[in-house]
Amino acid sequence: MDIALLAMLCVTAIAAIRIRDLFAVTMLFGIYSFLTATFFLSLDAIDVAFTEAAVGAGITTVLMLATLRLTGRYERKPKHNIFIPLIVVSITGAALVYGTLDAPLLGDPNAPAQQHVSPRYIEESPKEIGIPNMVTSVLASYRGYDTLGETFVIFCAGLAVIIILGIQDSGEVHPGRSAIGDQLVLRVVVKVLLPFILLFALYVQLHGDYGAGGGFQAGIIFASGFILYDLVFGEGDARLIVPPNFLKRLAALGVLLYAGVGLYSLFNGKAFLDYSALSDNPTSAQHIGIFLVELGVGITVFSVALTIFFAFSGRAQITVKTDRRPPL
Amino acid sequence: MLFAAVVAIIVTMGLALIRACLGPTAYDRMLATNMVGTKAVLLIAVGGHALGWSGYADIALLYAMINFISSIAVMRFFEYQKTLPSQEDE
Amino acid sequence: MSNIAGLFNYWVVIFLMMAGFFVVISQGNLVKKIIGLSLFQASAFILYISIGHVSGGEVPIYVEGSNLYSNPLPHVLILTAIVVSVSTTAVGLAIIIRIKETYNTVEEDEIQIIDNRKDDEDEPVEEEHPAEQKEDQS
Amino acid sequence: MDTLLNFLSASCFLIGGFLCITGGVGLLRFPDFFTRVHAAGVTETLATPLLITGIILNQPDISLDSMKLLMIMLIVLATNPTASHAMTKAALHGGLVPLTQSKDDSGDSTEKQATNKKPSDNGGDISTL
């Protein structure tokens, strides 16, 4: 099964190189994400598979399509020679393959990567943190600083997109104008399906301690529910429900919630992000801390993902109106 | 029998992948992409059951939803883009 | 023989990585470059997860009576990296949209030609930028 | 009882797998988009419930996983035909012509959209097979 998946990955990659129709390449990229996620699953990385499926196949594809709508569908044939890049790539690849000859074999339990801190996480985290999902406990508790940094990166990316593209309020968009919104079957099915998607996102958010899931995944799924609504019911309808201004504040709120947990423990005489300040019982303190932190992450990821989508789709509207100026 | 089903699903995925690479029109590719997604859902469900993965049902559920969203997105943006040139012509 | 089976994953990952790299350095279209970058990123993710895999290990979710799990650390790193990668991809795509609006092309060569032309005669630059800013304010 | 369940699930898997492959072959071999939609959509809609019923029957007892699988089945049953339908409609709207109609008939009252098709999009598909 692994080998079949890897072979399909290779085929997809080669096809993605060769095809000049960028729409097709984007679709192939969606397939590639699905295959990658399935492969992650077969390597026991259930949380990563969750994230890759939601992010790679969902959000990234949608963003790329939104970009393609503006930049044109067909790629021109590259003029310069492809042999020099091919040689560079072959040499780099050969060097890397040579490097792997000394690497530990796949699945070797004595590999260096399995020796350092991981045994401690695996043995102690169920007792210390008290939640079964080790990925969540490492993510939100042991490596809380790291995750805080990542949340800031996401927040900054949202800011950067707003700065570069700008984001419109609901007044300037056209509710109900959409090419596929006139399909009755689609509208009905999406209406029925939407509550389940949002409910599933909440389940992923709250169940992240016990199974696969957590703030990152839940935020993305929640956002994709709104994106689906926006796609089917027309540009701007979702914007009336979640105004972009509100989203900006929500993104900041998530980061502030995360950092606030850290500051709270700092003011209580503990180290930054030391959850034991939150409660007397150390295990329940960890529970509360992880819950709050994951909530902060979820809110930030949701609002940033939706903000980025709004910025991209809103841009499409502007360019349609003003693209008539003569080319350079 | 489980094994046979897994093999069948993988073979189908491969066939759909070939169609996605060949597909003369963009709609063919959409269809093939959708089919690969559905087959991935089935592969996770059946393969996860066969190999005893824990928590595979959640992932399959997520895949089913995301697959729908991405195929809707492809359709919407593709359709929209095609109407643009005709508007410019008028 | 066991060597080949054990290293096969890495080799495929390297192939995919190089495919992404090839797209980035050889293709002229900026959107395609971003797609190549994403391919590269996805294969790097596979590399990390392969490193963390333990044969016979279980999903790192604590179950009573089991003590061989896959390494949770790479999972954590890659989980956050995936979400960060989509944000950076979004920023890249946003920049591409602006490039398209300014230069009216997303092909590298054409952008270079227009840039060179602008360096020679500064007038078009001055004309172009106020127009952009007006559009932003509206 | 157990043997009966095993037999049922095994036959579900077999028929589901067979339907999968027929769908894949149909997707690859059929001459134009509308026949391919037919192949993919119809077989998937039957194969998915069969395979998932097979898994549910194969499990030792009814658990939370069975419920989740049931949800998957419902969602796939809802979304898959919808996606096929929407895709077909989009294709018709976008200017693909079904094989049954020759190119001269495409200006029917039902398919006015079909006339303003883009040649770069569907130039090759009718002549491929």
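Going by the order they are written in, the chains are A, B, C and D; count residues from 1 in each one.
Rule of thumb we're sticking to: a residue touches a chain if its C-beta (ideal position, glycine included) is under 8 Å from a C-beta of that chain, and two chains touch if they have at least 3 such contacts.
Nothing here was measured: the structure is a model prediction, and the numbers come from that model.
Student: Name, by label, each chain that touches both members of the pair subunit B and subunit C.
Tutor: A
Student: Express in whole angstrom the distance between the two chain centres, defined as the mean CA positions of subunit A and subunit B.
Tutor: 19
Student: Return the distance between the CA-based centres of subunit C and subunit D, expressed in whole Å.
Tutor: Whole-Å distance between the two chain centres: 32.
Student: Provide the C-alpha centroid distance between subunit B and subunit D, rounded to the nearest whole angstrom.
Tutor: Distance between chain centres: 11 Å.
Student: Provide the C-alpha centroid distance between subunit A and subunit D, rounded to the nearest whole angstrom.
Tutor: Once rounded, the distance between the two centres reads 29 Å.
Student: Give the residues of subunit D that touch two or more other chains, as numbers and ranges in rising order.
Tutor: 71, 75, 79, 82, 86, 90
Student: Among the residues of subunit C, which are close enough to touch at least two other chains?
Tutor: 58-59, 61, 63
Student: Identify all positions of subunit B at which a residue touches two or more other chains, and write them in rising order.
Tutor: In subunit B, 13-14, 26, 30, 53-55, 58, 61, 65, 67-68, 72, 75, 78-79 touch at least two other chains.
Student: Based on which chains touch which, is the overall arrangement a line, ring, star, complete graph, or other?
Tutor: other
Student: Using the touch rule from the top, collect the residues of subunit A that touch subunit D in their complex.
Tutor: On the subunit A side, the touching residues are 180, 183, 185-186, 189, 192-193, 196.
Student: Quick one: in the complex, what on subunit D touches subunit A?
Tutor: Touching subunit A: residues 71, 75, 78-79, 82, 85-86, 89-90 of subunit D.
Student: Could you pull out which subunit A residues touch subunit C in their complex?
Tutor: So the residues of subunit A touching subunit C come out as 2-3, 6, 9-10, 13-14, 16-17, 22, 25-26, 29, 32-33, 36, 39-40, 43-48, 51-52, 55-56, 59-60, 63-64, 66-68, 70-72, 75-76, 78-79, 82, 85-86, 88-90, 92-93, 96-97, 100-101, 103, 105-109, 111, 113-114, 117-118, 121-122, 125-126, 132-135, 138-139, 143, 146-147, 150, 153-154, 157-158, 160-161, 164-166, 210-212, 214, 216, 220, 301, 304-305, 308, 311-312, 315, 318-319, 322, 325, 327-328.
Student: For subunit B, which residues are in contact with subunit A within the complex?
Tutor: 6, 10, 13-14, 17, 20-21, 23, 26, 29-30, 33, 36-37, 40, 43-44, 47-48, 51, 53-56, 58-59, 61-63, 65-70, 72-81, 83-84, 88
Student: Applying the document's contact rule, which stretches of subunit B touch subunit C when the two form their complex?
Tutor: 53-55
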